[in-house]
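Here come two complexes built around chain A, the first alongside chain B, the second alongside chain C.
Our next item is the complex of A and B:
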């Protein structure tokens, strides 16, 4: 038994070392930094220990802006993208002809280069000297005035950011959900049909419960992914996100470390720990709900 | 309720391109009497499940008509036909409890058929009691044994009091012991409810033991429809004779010559009024009598004593198949286990079939 234990650890060693060095140690380190006031990474010195970093971060208007942006992004994109993905998957599942073609089309954004997607969004939304962007052309067509989506009002920018995020995460969710739908045994629907079950009831009473594990998986990973959003914002609004008012928590952490106003690892650590606590709380709540709702 | 099938045919397009359609059900003409338990029997792939699906309405026939009593239900969707269907894998909803599963069909009722919560619960409990699972109502299917799941599936099919109950291979997922018990159970439930019940099976013993009527199918065609004993005693063709009975019937290549049935060169029985022709001769295992003066000369291979009966295993050059298995009373068992053994044959256990069509040639030795 003892020998087996030793062997097991030996086999686990490579993974344990890597996880320890690159995951566990930094995590503990960040936690420690977040309580060290005025930590300087070059000289490895600090003035004192306490909650000052948290106090600073939580009173920093830029952080509050980032926090608000992140929450809005999460609350809008996670339900919308999951719902949309479910609708599209259901449609894909119900057609027979051209199903493969459509599946490929819907999966394309997933393998498309982010820069290419960014370019498409430029064409759609960016105001240039020559055009106001395709969306504005459409708005003008219906008699509306042009809106500056990239440098304009807050909600216009937030709309573009949410739109972009949903667009990016949709293909993966569709992929997961179409395979989940396809794996539901056909005889359940036959049995339901014999019993005169309406389509809506089949969906809510059979399809949804059957694929609920997958939906919860997508919701949980969706929440985590959206809370960690940063690159999408950069792709749309450039690197000076504070000025654009479109910063996210991860963006704030980055700025605190390396940005123009950077060089404050203590503040960055405190912000990172706050994000960690938020994500942990939301995930635990998610898991608790899924335990109640997802059976078998 | 009486079910009538008229020229019922179902063809599926072939999966391989440019090949002719596959005919799963071929020109069924059948009348299923009211309140009986009917076994639809045939080897796998013979179209029996398709036939069941046609009756249920899950498949639409290519040709022909289906009548429930005098109503033409050919174009009636399954939910309006008043049928209960039990699937081979039971298709119980895994996320619902037994109670919720049984109540599911009732919750679909609309309009003036709509029931109150109380009525639904009472009906579900009645159905559960009938199949004796009333103590398991709060469990989920995964917490039940195969036999219990089967009962839940039957209860769910019965709760709407269907006009017809259809069971697709109801026993194939159960172990041998449970299978015996469950088939008695199906018999009992059918008797108690009096609902016309059709069950599909590939197990001839299952069909023989509980059906009022057996329909034997092969390649989409009905081979014979009769009472179980009649199908066994009076098979219409070689296929039916071979398909029913354990141990299986012994088939020989033989001929009719000068008013006698020959197996190889051994004369076994006189026949009247049949001209000389090559035939297949089938003899049921219980149709052999060890007899020193018997016509059929076989090479003894072994003797298996099984308590009440003894089975004599022997060989004959004209045999189609591996060995001859004859079942005789223990006191008729041969002394040695090798050498030659001679049999005479019980006339009503011997059937002859046309060599080409494999149809039965009826022997009438009385005047």
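Our next item is the complex of A and C:
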């Protein structure tokens, strides 16, 4: 057993080195950064140690806006996308013909480049000098006025962002839920049918409890993913998200780090840690609820 | 009762078709717009749903006005090298965790699992500083190094390795087979499906990566497709040439869609086992 020790470490060495340098060390370092006040990237010096960076970030209007945007995005997209995925998966599960075809089509957004397809959504919603864009043409058809969804009012932009986010995240959720539904043992339904149970009762008493672990898994990963939203917003509104008023927390972190407004790794670190604390809190709350609600 | 069931079935198919159209329409629209000529596109106040005069000029424009071929090649190099190095890193690690006994194994493995929960946003700040300090900005090395390990894939592979009966290993040992040979000749072939899944997931991840490349490259010679498309969006083709933009989008989306069509079952299976997005 001992003889193996050296060899085992040799096999582990590459992974240990990479994880050490690019995960473990940065993890410690980010906390150090976040407490170093007045850090200067160029000279790598700082004035003192304390909570100033957190104070600065929490009083930065751009951060508050990013925080607000992210929370709105999370609150809208997580329940909607999970609900929609459940509805679509139930529908998929109840048909036989064309099921595979639908499943394949629904999965497509997963394998597409978020930035690239975001451009298509942009031109569908954008109002330009030449054209109001397809979506506005449709709105006009039903008697509504044109809205600029890309450079216009806040809620129009938020709508497009939520819509695109849901479009992007649904494939994963549908995939997970369809396989969860397919794995529910058929005998439960047979027994229920013999007892003359109604469809709705079968859904709430058999289906939902059986797939509840997967639903909670999707809710938890959905929260985590939505809190980290960034590239969807870039795809629709460009890299200057502060100007567009559509920045997210992750976007704020990167803006602080790099680009025209960058060069402040301490502020970026403080913001990243705030994000981490938020996500951790929400995940713990989710886990606590799921312990109570999930039947298993 | 039967009529009601019929109506329900029809409603279900309508619902499914509506979402199907929602998913496919953006793809149709980008394809359609990419074959409309610049003049035709801009003269349509109400966009046409089809075109009678398809043209390939936008594709030529996309490859000549911006360096799309270079972005493409960069992404290809990045994807292939990252995935290859990743395999060299994770396969031995998974082997060590699943087959070799050594002191501190459980402690190290627990530490690895704990690292799985660390979000990328938290470590990217220091990584950016590290790579900048090493003078590796605008190099492939800088792009690739932080992306080569994935604790989750080590975990996935370890679980799979452990399913191989221990007797096989002992028999090989009796025959005097070395660990390395056993790993290469027995374990890897048996676990090929899992390895292929991991490779596909990594390829998708690499092809779509945006944040890290954006931080680490500002020289267009090292742009990946995501950054290329962002550059096209910000600075365009000189004028607001949306058809050319869409041609670029089609070209960038195509490889993964082809990959998906070829490996559909494997990809969907792999994602449901180990995918995250959304």
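By our rule, the second predicted complex is superposed on the first by the 270 of 296 C-alpha atoms of A that agree within 3 Å, B and C clash if a C-alpha of one lies under 4 Å from a C-alpha of the other, contacts with A are read in each partner's own complex, and residues count from 1 in each chain.
Heads up, the rule we're going with is that a residue touches a chain if its C-beta (ideal position, glycine included) is under 8 Å from a C-beta of that chain, and two chains touch if they have at least 3 such contacts.
The structure presented is a predicted model; accordingly, all values stated were derived computationally and were not measured.
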item: Chain A as common anchor, with chain B and chain C clashing or fitting; value: fit
item: Chain B versus chain C as contact partner of A:47, first or second or both or neither; value: neither
item: Touched partner set for A:108, first chain B, second chain C, both or neither; value: second
item: After the two structures are overlaid on chain A, angle v-u-w for chain B, chain A, chain C in degrees (C-alpha centres, nearest 10); value: 80
item: Comparing the two partners chain B and chain C, which touches a greater set of residues in chain A; value: C
item: First (chain B), second (chain C), both or neither touched by A:185; value: first
item: Partner chain in contact with A:154 - chain B first, chain C second, else both or neither; value: neither
item: Touching partner for A:128 - first (chain B), second (chain C), both, neither; value: second
item: First, second, both or neither for A:250, with chain B first and chain C second; value: second
item: Overlay on shared chain A, then closest C-alpha pair between chain B and chain C (Å); value: 11
item: On chain A, the residue positions that both chain B and chain C contact, one per complex; value: none
item: Chain B-touching residues of chain A, taken from the complex the two chains share; value: 185, 187-188, 190-198, 201, 205-206, 209-210, 212, 295-296
item: Chain A-touching residues of chain C, taken from the complex the two chains share; value: 9, 12-13, 15-16, 19-20, 22-24, 26-27, 29-30, 33, 41-47, 88-90, 92-93, 95-97, 100-103, 105, 108, 112, 115, 118-119, 121-130, 145-146, 148-149, 151, 154, 179, 204, 207-208, 210-211, 214-215, 225-226, 229-230, 233-234, 240, 242, 245-246, 248-249, 252-253, 256-257, 259-260, 264, 267-268, 271-272, 275-278
item: In the complex, chain B residues that touch chain A; value: 56-58, 78-80, 83-85, 87, 89, 91, 93-96, 104-105, 107-109, 140, 142, 156, 160
item: Chain A - residues contacting chain C, complex; value: 1-2, 4-5, 7-9, 11-12, 14-16, 18-19, 21-27, 29-30, 33, 41, 81, 87-88, 91-92, 94-95, 98, 102-117, 119-124, 128, 130-134, 137, 167-173, 175-176, 179, 221-222, 224-226, 228, 230-231, 234, 238-239, 250, 253-254, 257-258, 265, 268-269, 272-273, 275-276, 279
